[in-house]
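Here the chain labels run A, B, C, D, E and F in written order, and each chain numbers its own residues starting at 1.
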Amino acid sequence: MKIIHILFLFTFISFTICHASVNDFCVADLKAPITNSGYPCKPVKSVTSDDFVFHGLVAGNTNNSFKLGVTAASVTNFPALNGLGVSTIRVDIEEGGFAPMHTHPDATELIISIQGEATVGFVTPTGVYTKVLKSGDLFVIPPGLLHFVVNSGKGKAMGYAAFSSENPSTQITDLLLFGNNLPSDLVAKTTLLDLAQVKKLKAQFGGSG
Amino acid sequence: MKIIHILFLFTFISFTICHASVNDFCVADLKAPITNSGYPCKPVKSVTSDDFVFHGLVAGNTNNSFKLGVTAASVTNFPALNGLGVSTIRVDIEEGGFAPMHTHPDATELIISIQGEATVGFVTPTGVYTKVLKSGDLFVIPPGLLHFVVNSGKGKAMGYAAFSSENPSTQITDLLLFGNNLPSDLVAKTTLLDLAQVKKLKAQFGGSG
Amino acid sequence: MKIIHILFLFTFISFTICHASVNDFCVADLKAPITNSGYPCKPVKSVTSDDFVFHGLVAGNTNNSFKLGVTAASVTNFPALNGLGVSTIRVDIEEGGFAPMHTHPDATELIISIQGEATVGFVTPTGVYTKVLKSGDLFVIPPGLLHFVVNSGKGKAMGYAAFSSENPSTQITDLLLFGNNLPSDLVAKTTLLDLAQVKKLKAQFGGSG
Amino acid sequence: MKIIHILFLFTFISFTICHASVNDFCVADLKAPITNSGYPCKPVKSVTSDDFVFHGLVAGNTNNSFKLGVTAASVTNFPALNGLGVSTIRVDIEEGGFAPMHTHPDATELIISIQGEATVGFVTPTGVYTKVLKSGDLFVIPPGLLHFVVNSGKGKAMGYAAFSSENPSTQITDLLLFGNNLPSDLVAKTTLLDLAQVKKLKAQFGGSG
Amino acid sequence: MKIIHILFLFTFISFTICHASVNDFCVADLKAPITNSGYPCKPVKSVTSDDFVFHGLVAGNTNNSFKLGVTAASVTNFPALNGLGVSTIRVDIEEGGFAPMHTHPDATELIISIQGEATVGFVTPTGVYTKVLKSGDLFVIPPGLLHFVVNSGKGKAMGYAAFSSENPSTQITDLLLFGNNLPSDLVAKTTLLDLAQVKKLKAQFGGSG
Amino acid sequence: MKIIHILFLFTFISFTICHASVNDFCVADLKAPITNSGYPCKPVKSVTSDDFVFHGLVAGNTNNSFKLGVTAASVTNFPALNGLGVSTIRVDIEEGGFAPMHTHPDATELIISIQGEATVGFVTPTGVYTKVLKSGDLFVIPPGLLHFVVNSGKGKAMGYAAFSSENPSTQITDLLLFGNNLPSDLVAKTTLLDLAQVKKLKAQFGGSG
């Protein structure tokens, strides 16, 4: 094949070049208002390779009552994920520690167990699904279902989880019920818990009322 | 269980708090330009309980030729619905009144009959589906199908309808055909109506041409 | 305009008629296996007007500890809703009654208050949004958020709610935590509740372990 | 580079081969029941190149009152389009002919004018958008909007239209209003047309009642 | 029917008029930042009939090495397509010319052959699907699959293609591999091509490294 | 609070129990035909905890020319992922090994680097984005873009990748171009490669023609 004349070539493909980049990716402009479909895109010409890498998925601090450390890489700290439908967390749980009951209403959670032994489970209105995970095991939690993780082995447990959303929400049941100023008797009534129990947990979670 | 140290606790859950609210809801900022996925979100910190309640779904004025009153709660007057995929209307029809043939191209309409008797129906290229509704009955109209409601009983008929969109469009056939300045002979040709009929309805619906 | 020859007319529109009905609606064939996009469709020729009406949205039985009656019209008992993205419930709450804390992970709930006075609210990781509703008021609960309703007035409270899904799931926190065979100490650990409290509620909700 | 050992190579890529084909395409199995997301897929091994070609988009018969011929290639006669979100029609209109007022509730229509001159337009509740098209012009009609096409030039007009759906529905206003057995007085009432006009069109479109 | 009092009429339908136009269409404001769901909408009152017509789908310049001319009508030059899920191109290929291997990851391509003879094909991990197209034939290429078109007849070949996206991306394999500054040995290694071959094509496509 | 009468309680919540499980999850019935929205669901009563765990994400065999091992957990071998929008792979690359140029048209790939050093990159029509990853780094590849991974360090490199689809397709450029029976001169023409180069790679990848 003879040499291609670049000038002619680009006559043909220029239609592609002028706009294609706008939808090859959409790195979030976090300073613009968020919408129902995520953040507006940064201009393509200001995007570099550095936008697509993330160095911060390190072990979280486990020096708390749960002996639990969680570090997240989602669109709010890794803007390249905007619109891409996936994110991840690193979870570290010291021996005896756990992640309390919570849900992610808008995202599947796919756990990759890396180290240690963890007991994980979720509940539905009609069933309980729970397993003991060893290193290398996967476990999937469908969206919206109440679940927990307990370090049930010796030593530290560590793993990653992938979410089917770049910005999954996390609803921790205790924090929702007890970490706010809803009147304690209203919480007791609508949870069927004893009032003393509600007041005790309100104190622990920083709630009032 | 011993007392949880709030400070430690929040080391763990702070990752959640800093961003979770951004996608728990997205109350519309109606002053920003609308997009294909609705309005941009108001800042979470300016959202209050008042945003989630709506007091205006009162009986509409039925003092018109249709004896029909319609009041709507959709994203343009109830901004909390932004992105939430549902809205509602209240419909009041005096004895003898009706809602003329119309469509909602982008939304299902689920009617809840509250009072009186109404005859409701929709048509497809191959069938007619019509029922007489009494108080408490539901009737569902799939998206995009031409439909009507007639008060076929004694006294007033009243009901609500839920839509599968926070911003359903309404296409009233007569208003579309006769409430504009398309030439009457063009309308007559493309509807197969008599020219005199077209001119008569143009006069009624404020059209010209 | 001269008479149209029907035969000729249908030469043109036959392409429409032969298939259009297949996607004008999709009434569920509930006996076929469900898929990620709902149920397969019943043959159009077996669908009648009766498929689109529902008579069963009557007052539910409130003779229970919650003094709560809930009746639903969703795809499993009103198959015409299949794929249409909307459903509804009727809620009756006697004086002093309530709906306990629960979530709908995959659906917005838009409440239409019809009778009485109800206090409704939802919580997020960063806020509490609660209102007292009177007859005619609307209140919207975004998907996935923990919420409750209490009859806070005199006499019965009644209302409807529309969901942005034809098959919304309902996750009642107490039933999930206490209505199963998860070991009580595991529930206590992952909820931070006292063990005695867990056992007491397990007894009430029919759980074991 | 030395010769690759095919055997070793396929150790690695076999994971891809065993399943990738299942979602590279999904040619419709038209004999299986349709679902909300289209037809189930034919087995990949029974799919050939012939599935992806369509020879039938020829000129339609214009020997009718509209002087209009329409031929369609959509999923029901071109099963490879299943799930692919696009389809097309060929439209031929003899001098003086037209396409009557109609809508496609679930699809955009993008017209490519090939021959002749056509006047095309659509109406919304607040506006009329109409243009005269020459050969080579494009015109786009958003989903759900009432529109028409008239051959406004000398000789035949011909063009193609692309739809943003593999199975667009077509709702021809006259056929819906007059081609069925709805009582004429009900049609007259809900369309505001004169009863005589309704009866005249019922006769033309094969309706009764 | 007596004359309708316009004033009364509009009491009823005003709820529709005030907002319906916002979602009947969404013509792109190309100067605003793009989002994951496309461009924000131009104000409806500045939209005219001219927004919905496009005159530029003319024959492209084929005076290049591929003897290929491509002209596109997509959202970036035809802003009315914003959010509408369809776009189109015109393709002209002189005798002996061709479109090189490329993909559209996010869009189906439905080819309408108008003139001449073209050989078109796509490949999957498990199969090859190729056909010779004559005037009037359609051929569909599922999203993401590598494909090509060759003028395999006498004289010019011309056709249109519809895409299931208003802004399809185009990934031309050669341009991606050779039109940039990736080191030649890295390209050679990851493509298994000979280094001399890589350097030759880098020279042709304007790449360096 | 006094003891709740279980019988009464279940009067209220039975509406939930009878159907809620159908959309809490949808484990694939792999023996049923796949659809555009995935596989039909297994009956809930046959689903157990074992469905949600996966033990097979072990190191793949790297004894091949690429020194590359890939093991996948996607819907076809982990049916619980059906409809859940996420899957994962484990990638092992020996020193000097690499993953050749390929795309995933319908899925984002989010790489979690666990061990060793890898150079990863993707190309768009207008740019090259490449980085050297160390243990703990993340890198995201938007859908549809051509990319590669090279072990650029000492010793083995290992990592996981999460996809935004439960059934991502993989399109390996070399396999598509050279692993089939397309005529070599057609491949040479449409790739601009030398014919000898095409024939050489056809031999390596098991293609003919």
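Before moving on, here are some points about what is shown:
By our rule, a contact is a pair of C-beta atoms (placed from the backbone, for glycine too) under 8 Å apart; a residue touches a chain by one contact, two chains touch by 3 or more.
Please read all numbers here as calculations on a predicted model, not as lab measurements.
If you take chain D and chain E together, the chains in touch with both are B, F.
Repeated interface, listed pairs A-B, D-E or B-C, reference A-E: A-B, with more than half of the contact pairs matching by residue number. Counting C-beta pairs in contact across B-D and across A-F shows that the higher total falls to A-F. Rounded to whole angstrom units, the spacing between the C-alpha centres of chain A and chain D is 42.
Mean C-alpha positions place chain C and chain D at a centre distance of 35 Å.
The residues of chain B that reach two or more other chains are 4, 13, 16, 20, 24, 35-37, 106, 121, 124-125, 127-128, 130, 143-145, 169-170, 172, 175, 192, 194, 204, listed in rising order. Contacts between chains form some other arrangement here, matching none of path, ring, star or all-to-all. Of all the residues in chain D, the ones that touch chain B in their complex are 98-101, 103, 105-106, 119, 121, 123-125, 127-128, 130, 143-146, 148, 150, 169-177, 180-182, 186, 189-194, 197, 200-201, 204. Looking at the complex, you find that chain E touches chain A at residues 33-37, 60-61, 63-66, 68-72, 74, 76, 106, 167, 169-172, 175, 203-206.
If you check the complex, the residues on chain E that touch chain B are 2-6, 8-9, 11-13, 15-16, 18-20, 22-24, 26, 29, 32, 35-41, 43, 82-83.
Of all residues in chain A, those touching chain F in their complex are 1, 4, 13, 16-17, 20-21, 24-25, 44, 47-55, 57-58, 73, 78, 80-81, 84-88, 108, 110, 112, 114, 121-122, 124-131, 133, 136-145, 160, 162-164, 192, 194.
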